[in-house]
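Below you'll find a set of structures to go through.
Shared between the two complexes below is subunit A, which pairs with subunit B and subunit C, respectively.
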Partner chain A sequence: MKRTTSQNIALYAGVVAVCAFLLFPIYWLVVTALATSAELSQLPPTFWPESPQWETFTKVWAERPIPLWLLNSTLAALGSVALSMFVSVLAGYSLSRFSVRGGHSLGLFILTAKMLPATLLVIPLFSIFRSVGLIGSLWSLVIAHSTLIIPFTTWMMKGYFDTIPRELEQAAMVDGCSPLSAMVRVILPIATPGLAATALYAFVLSWADYAYARTFLTNEQGSWTANLGITTMKGEYVTDWNEIAAAAVFIAVPIIVIYLFLERYLVGGLTAGAEK
Partner chain B sequence: MRRGKLIDLARPSRQHWLGYILLAPAVILVAAIIVYPLIISIDLSFQDVKLPRMGAPRKPFTLENYQKLFSSPEFWQTCWVTLKLVVVVTIACLAVGLGTALLVNNRFRGRRLARLAVALPWAVPEVIATVIFAWIFDSSFGLMGWIFIKLGLANQMVAWFSDTTAAFWVVATTMVWKGYPFVSIMTLAGLQSIPEDFYNAAKVDGANAFQRLRWITIPSLMPVLGVTMVLVTLWVFRDFSIIKVLTDGGPLKATQTLSIMTYNEAFGFFKFGYASAVGVITLLLCVVASMAMLGRGSKAMY
Partner chain C sequence: MASISIQNVHKSYGALNVLKEFSLEIEDGEFVVLVGPSGCGKSTMLKILAGLEPASGGRILIGGRDVTDLAPGDRDIAMVFQNYALYPHLTVRDNIGFGLKMRGVPAAEIRRRVDEAARILAVEHLLDRRPKQLSGGQRQRVALGRAIVREPQAFLMDEPLSNLDAKLRVHMRAEISALHKRIGVTTIYVTHDQIEAMTMADRVVIMKDGVIQQIADPDTLFQKPKNLFVASFIGSPGMNFLAAAPANGAAIRLFGKEVPVNVNADRLMQAHSNGGIVAGIRPEYISTDGGGTEFIVRPSLIESLGSEKYVYFDAGEHTFSGLNDEEARKGLIARLAHSSPLAEGQELKLSFDPARLHLFEGKSGEALN
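Right, the complex of A and B next:
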């Protein structure tokens, strides 16, 4: 059906207005980072900084341990993603291809684990980590984040494997592959896009964590993750909103970039296990 | 025949040692880092412990934590706050998410960009979203206070975080902004699966745009919206970082949800037994709520 010109204009106006309204907080973050301290302590607020203070970014990067926090967040994410992906790829393949006794119930249990409140699990994990001396170490986050990630990634990987026809393995096995090498040589290469999307999604989950980092990393600033670090910048004595905003931009950018890559795969991740 | 040596992965019964071996690492890991801690916390909830040491002898079994919990007004107030927040945020997320999805689902140039933009807050980490809204609602130079003055809704800057009602709405606003893109993404995916023929047939029969929305789009989306609603509810129920950073449950516990209460009892007051009891109740409520919402269709989750 063709729309009339006025309907078209109304549609565009609607889309632009809604996007502008909903994305305004992100715009406001950037404006705040670029404003001078004087502009941030006056009313009316500055909607368009006269002289953008790009040096706020370099200043925050140099004077605060932002690079270190970002590195810690990245290391914790890489560790937990590697650990979770290793077990979920294998389990997802097994759940998709073999009817192992108890496999189905295990799958359901893993799915139910998504309902676990992090604030409940953080209590026993804290006791365990304290007795084995992991408090303050990034390893505690690798383990804790895996509890968040595995329920998602196992079902995402099962979903991807389900979309790959079984005939491929059979052909490989007829040609003399063992079941294991059929999986490693034939199926995993085909599943690589799905694997990458799942890993990126897992990375986002780990990067977003605050509860575990706050509980396990209380000791020294150098061991903090980005999310934990930035909350300590709020209200130390006087809150420098432009510096916080600049730090926030550094922390948000990696995830926004991942989102732009991941968008078309997102639904798979968000609904993993939700529909069958 | 050599077939007997192959395992036929297409056959209904495909039990094989490889299936077990592939599952083993996940079983061991999940047992160690999810099941075992879960058992510990359930066990802790039946003991009078402050700050437990692993390996210390177990305290005697007691129901005291639960008795104290159910007779404490704070717990019931917290349940009420949690319920209010869940209802308000879930409804608002569904409304905004559905609206934005229907809007960018129209065919127009730049649609792909609009779809990316409309769900962009999904990609902003919760803590960062919280920082942004803490600044927008700053009581000295925040944007929202200025807007309220301009609109004549307030005479002076509003101290959002010292008023119980205002603080609740600030928390709700932040959560809606962070939560609606999930609904948009899910709805957009659901919209893709509605056959174009439905709409064409309806148009032939003379249905107008509103009737098509009411009788085709909404009913077709119902299964997706149902699952989405459960997932949003669970998220609000359990969310920690937004409230912790924004208000820490204050003022006067007006924004304290069960998650925040669990955490603060454990790591603010070091009452691990009591906190575990709150956490166990939270988990039970999550399970019951999602089963109730999905009803007989609860299989749909799986």
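Right, the complex of A and C next:
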């Protein structure tokens, strides 16, 4: 059905409105970082500072251990991605391909772990980490984040593997692969979009965490993640909102870059042509 | 190339027996087709043969070697799947060479053999493409290339043509037959299409509900079906079935006449008391030429195919309700080769040669002649 001009205008207006709504917080973060303190408290607010304070970024980068915090966040997120992908790829593949007695119930049981609020696990996890000496270590975050990520990513991967015809690994096995090598050589390369989406989900969930970092990391500033560090920038009497906003921009940039990098993998369609 | 021996193989899922005591000896270089309706166990048998499904019992020997417990890759067989199962992330060249690579064949040798297979199947110009850039027929050829490049002991083909359109299916059917004649590898081919089975096979195995109904060459299946199921499954349009009564001696009563048959009177009486006598006559053996047993009908439907006509008519008192498929509901069919004008509802004299009659026992369905 061909759209009329007025329908097109309405459609584009709607798209622009939604985009503006979604992008406004990011835009306002940048404006806040670039504004002076006076401009921030001014009413009505300015929508673009008269003289953008670019030096706020260099000041925050130099004065605060932002690079170290970003490194810690990156290590915790990459560790969580690696651990949760390793487990959820194997578990998702098993749930998708092997029918064992009670397998479906086990799969649902794994998913129920996702239904628990993250804060419910804080106390038992803290108790375990303290007894094994992981408090203050980034490993505590890697493990804790994985407990939140794995239930969901296992089902994400299962759902993706379900869409891949079984005949592909059967063909690979007839061609001489073992079940494991059929998965590695044939199924995983085809599942790249699913793997990318799952990894991105895991990375974002770990990167965005504050509660676990606040609980499991000590007062040693060098072990903080970026999200934890940024909350300490709020002073008791004076708060430099532009500096906090500048730090927040630094924290947001890696996620945006990763998304841009993985975006082409997120688009499906790689399996086209495998079968009729 | 090798002979294949399937000995008492059976498969059950819990209480459900999908394959019951399947035994079959396949000679070296033979083309055997397993055919039957959906759910008859033919694909399950093929997967067990490939090692993709474990059998619940029985033994499989390929080239005299017991492969029952071997992994698919160790059985030295190649398989062509219904949906082609080409690896979408690999080029055609890598798809065809994948099995050789897995077996550690040197790269130069892989290249030579892939080129040779591509030449045989006329896909040389497609070697650098990916599966999604190919048409259905080209994908099917690549799937065949992946099988022949390995030079295996046997080919297993699981309904490889069912995803192609009718015209291409006929073409690929001939290509597969020609390929088999050329390379002579033992082939087991699964299909639900009786025309594929009849045109391609050296021998056909007809299956129903996990049980072999008959194993024979195509001509024998057509001329000497062992039971009602085989008689109804083979032939297009299918065989006409009529409920018949025994007459005096070696004869049955049909259309008010005594029709002599080559079954003795005792056997006829036994069948009569055992579910009744079912007479079968193929549509192509009914004619308007006269002679033999003649009868008058009023066609309810006439379909013209140009070179021949399908004339449908009611079986009247001889209606056989044992088969409940679409054609049985349409009534009886005569396949008339000549093109003289015929009209629905007008009297038409038809006849058949009693020697062409097949007789079956109603209850067991077993052939009497």
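In this text, the second predicted complex is superposed on the first by the 222 of 276 C-alpha atoms of A that agree within 3 Å, B and C clash if a C-alpha of one lies under 4 Å from a C-alpha of the other, contacts with A are read in each partner's own complex, and residues count from 1 in each chain.
Heads up, the rule we're going with is that a residue touches a chain if its C-beta (ideal position, glycine included) is under 8 Å from a C-beta of that chain, and two chains touch if they have at least 3 such contacts.
The structure displayed is predicted, hence computed values, not measured ones.
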First, second, both or neither for A:Leu90, with subunit B first and subunit C second: first
Subunit B versus subunit C as contact partner of A:Ile190, first or second or both or neither: second
Subunit B versus subunit C as contact partner of A:Ile150, first or second or both or neither: first
Touched partner set for A:Met173, first subunit B, second subunit C, both or neither: both
Residues of subunit A touched, compared between subunit B and subunit C (which is higher): B
Partner chain(s) touched by A:Cys19 [first = subunit B, second = subunit C, both, neither]: first
Interface residues of subunit A shared between complexes with subunit B and subunit C: 167, 170, 173-174, 270-271, 273-276
Subunit C contact footprint on subunit A (complex, rising order): 165, 167-168, 170-178, 181, 186, 189-190, 270-276
Contact footprint of subunit A on subunit C as seen in their complex: 47, 50-52, 71-73, 77-79, 81-89, 98-99, 102-103, 130-134, 136, 139, 146, 150, 163
Interface residues, subunit B side, partner subunit A - complex: 6-10, 12-16, 18-20, 22-23, 25-27, 29-30, 33-34, 36-38, 40-41, 44, 52-55, 96, 99-100, 103-104, 106, 108, 110, 114-129, 131-136, 138, 140-141, 143, 146, 177, 180, 182, 185-186, 188-189, 203, 223, 227, 231, 234, 237-238, 240-241, 244-245, 258-260, 262-263, 266-267, 272, 275-276, 279-280, 282-283, 286-287, 290, 300-302
Of all residues in subunit A, those that touch subunit B in their complex: 1, 8, 11-12, 14-15, 18-19, 22-23, 25-26, 28-29, 32, 40-45, 83, 86-88, 90-91, 93-95, 97-101, 103, 106, 108-128, 130-132, 143-144, 146-147, 150, 154, 166-167, 169-170, 173-174, 179-180, 204, 207-208, 210-211, 214-215, 227, 230-231, 234, 241, 244-245, 248, 251-252, 255-256, 258-260, 263, 266-267, 270-271, 273-276
